[in-house]
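Structure in structure tokens, see below.
Labels run A, B, C and D following the written order; every chain starts at residue 1.
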């Protein structure tokens, strides 16, 4: 039996006296697409950032494919792992941000090939070949020489996805990848993500795209006040929102016409 | 502290209107008016001074002091005028004279040929011949000839610098001459040991040595051409009356012994000065 | 360093502080006017503002002071040294402050201005009630920095005979022949003045920063 | 205005200009490097180092350059620092400029969006790589305008070096002016030379900014 792609046990994160994540246990299996949903301030982005070790969790443990991330269990509580070990484990994680975070002084190709050259130590031609392949995969091979300021938001986000994919991670984390985009540009980004899901990539996605979540996710996690209020298969969560708070949360989306997207035949009952 | 100069007419800019300063002086309206008449009518003679040229002119604990103050006080008494001092850094004094900020300069400068072409000098009030300041306890500098091959400083564009250069050229090997924008810096460098001597006029140097005997000493033998200090005024026709009157007052002090007394008070020595320097040696 | 010398230096520091404060305030007001001109619709006004800024930033302050003191009398305007000093510093700092303010105004988010328009404000109201307060808040640190620079640049006014801290130190050094000690003391006083200015700036920043 | 004198002074002025450039350009480069070092030390060093450097910068930024250079050159020999005038000038200008550049660079580093640093962490860059490949280049773009400004300030500060006998532009021109009693000409030459230098620097800076437009934050 292989280890789960991600395992969180008792993870807590505090900001001063505010407890942003309050003892979360979560398992994501390899090849699974998990969506984190919840009202704003419920801690879903913080939880995702903990999975990338961008935030150091204050308590609990996180394992990536069986390897402890950041902290390992010790005799008296936990031990912080050396930076080198953190970097090694983090290498199996790719992350895509709401604000794209492309480096403005590098072209699309430069953004994708930068880490290949300087982290994986590939020679420039090899790095650029591989970068081009991933740019092609997100449909942007013809924009390789453009700077971020010369690309649309949707294109920038696809470059950001290519940048993360090029390192060939086992897990991709998406932090509201379409929230900064105009509606007509979300489609191209969601399309790329759908393709990744179809290829069997393990993905954890923080999103407000309830329709997308309903179509693509096998695993939906509803967070509230830093705790998991409800989780299960997409159909279980969306079609039978027995939890009154989830129901109220979803209503705001249903009001916006999302009910059409949560079609019963899409549920696989996983 | 941006002392751009001293005594050497290292004056900066200033009279930046068109033409030479004398040509377009202090407002065309005032040009024709005789300055002596104006000064007499107002009862006030305005003089430019710099307050940084001991022992002629300096601030002693915040109060103006020096030979210039005493001499102009006597001069004012003789001429029946109140003296009003306008204190400026030296680099601004001559432009101030040109732009009419005051009627004449109460700070002395070495009387030279070049300067006489441009300005009118009063009769000499002291000797300005070059002397050398050395470090206290320096036994290697005893005669001017000992400067050969050593580093000697002086003020940029001063008459004393010219004298130093000329004298140094007669030595073998010649001295290494360093130029400072301000003599205070030359003294500071002497104290710091970068140079072994500073060439300046005898009265100034003697005063420095007397003020800080633990640091500095005077090499008594002067060198170069004999030269004199005089006060500066303008050559323009409307200033002639004023300058003639001032000359008369200075000569009177010279003849009745008051000038010698002032020299004794401030220099602790006296100088034989001629009545007039018609063609300076420098 | 005797008490007598120190009290002279302190008096000089007082003069330095006074002319700097007057110049910074005057320069800010003039700078606002020049900034206004540089943002105006009229090409001529914008051109004048650009030349003003270029001249007063490009020509050394020393030359500006000498022009004011020695050249203006030829045009019939005989300024006393202290007036020339304050005027020179004011004109010079106004050029820098105008540029800083312009940067602040340009960086006010367009959306905030449009919001003002939507609620029916006139152009004047938008300028006074929206753009100016936000721009001032954005530029306050730079203005405080400029005040410190002016405080130091004011050492050049000794050239027009103002007995500021620098000239006082020169006067003292040229009669006691101890320039190093004297200038070190003067430097310490400049530092003290700047700490006061910096502290006042930080306090002002906290005041303005409220309601951010 | 004595144009003949101005024409005759040109070779001398060019020599002075050479000294000004010799102090200004290497001095600015050293100041930038030193400022960068200090900014990085403050960014990554502990709070004690940060406080110490901050105090030092406060002293350097709070006192006139004139006082600093005077104390360095004329006071230095008493504690064993006996530099010749150009060395002292270069050193003084570098340290003075570094105090300002350190602050400019610190501001620039703080203004680089956090997300860009996080993205670098996510693709596995080390701290040093993140600094070298993301933080520094982006910071350089952000601070370009204030850097140009500071270069102009430093250029004008080189005039102060005349007091330690460096024969730079101001020393040469004021010398010519006083030698020939040509104050108006001296003021004119000073204004033209420095104005020309600042405008040329500003022009270069604006050109560079335009060329770097495409790198701006999207």
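We take it that contacts are C-beta pairs under 8 Å (C-beta built on N, C-alpha and C of every residue); 3 or more make two chains touch, one makes a residue touch a chain.
Computed from a predicted model, the values in this text were never measured in an experiment.
**Q** If you check the contacts of chain A and chain B, which chains show up for both?
**A** The common neighbours are D.
**Q** Shared touching chains for chain A and chain C?
**A** Intersection of chain A and chain C contact lists gives D.
**Q** State the pair with the higher C-beta contact count; candidates are B-C and A-D.
**A** B-C
**Q** So which chain ends up in the middle if you average the CA atoms?
**A** Chain closest to the assembly's C-alpha mean: D.
**Q** Could you grab the centroid distance between chain B and chain D? Build each centroid from C-alpha atoms only and quote it in angstrom.
**A** 38
**Q** Could you tell me the distance, in whole angstrom, between the mean C-alpha positions of chain A and chain D?
**A** Result: the chain centres lie 46 Å from each other.
**Q** Any idea how many Å lie between the Cα centroids of chain C and chain D?
**A** Their C-alpha centroids are separated by 21 Å.
**Q** Where in chain D do residues touch at least two different other chains?
**A** Those would be 66-67, 70, 74-75, 78, 170, 183-184, 187, 190.
**Q** Of all residues in chain C, which are in touch with two or more distinct other chains?
**A** In chain C, 62-63, 66-67, 70-71, 155, 166, 179-180, 183, 186 touch at least two other chains.
**Q** Show the residues in chain B shared as contacts by 2 or more other chains, in ascending order.
**A** 1-3, 12-17, 91, 95, 98, 185, 188 - these are the residues of chain B that touch more than one other chain.
**Q** Pull out all the chain pairs that touch, please.
**A** The set of touching chain pairs is A-D, B-C, B-D, C-D.
**Q** Looking at the complex, which residues from chain C come into contact with chain B?
**A** Touching chain B from chain C are residues 4-5, 8, 11, 62-63, 66-67, 69-71, 73-76, 78, 81, 155-156, 158-161, 163, 166-167, 169-180, 183, 186.
**Q** Tell me, which parts of chain A touch chain D in their complex?
**A** 52-54, 83, 87, 90-91, 93-95, 97, 99-105, 114-115, 118-119, 147-151, 156, 160, 163-164, 167
**Q** Which residues of chain B touch chain C once you look at their complex with the stated criterion?
**A** Per the stated touch rule, the residues are 1-3, 12-17, 24, 26-27, 29, 51-54, 58-62, 86-89, 91-92, 95-96, 98-101, 184-185, 187-188, 208, 211-212, 215-216.
**Q** In their complex, what parts of chain B are in touch with chain D?
**A** By the definition above, chain B touches chain D via 1-5, 8-21, 91, 94-95, 98, 118, 156-157, 178-182, 185, 188-189, 191-194.
**Q** Within their complex, state which residues of chain D touch chain C.
**A** Interface residues on the chain D side: 58-59, 61-68, 70-71, 74-75, 78, 152-153, 156, 159, 170, 183-184, 187, 190-191, 194-195, 198-199, 202.
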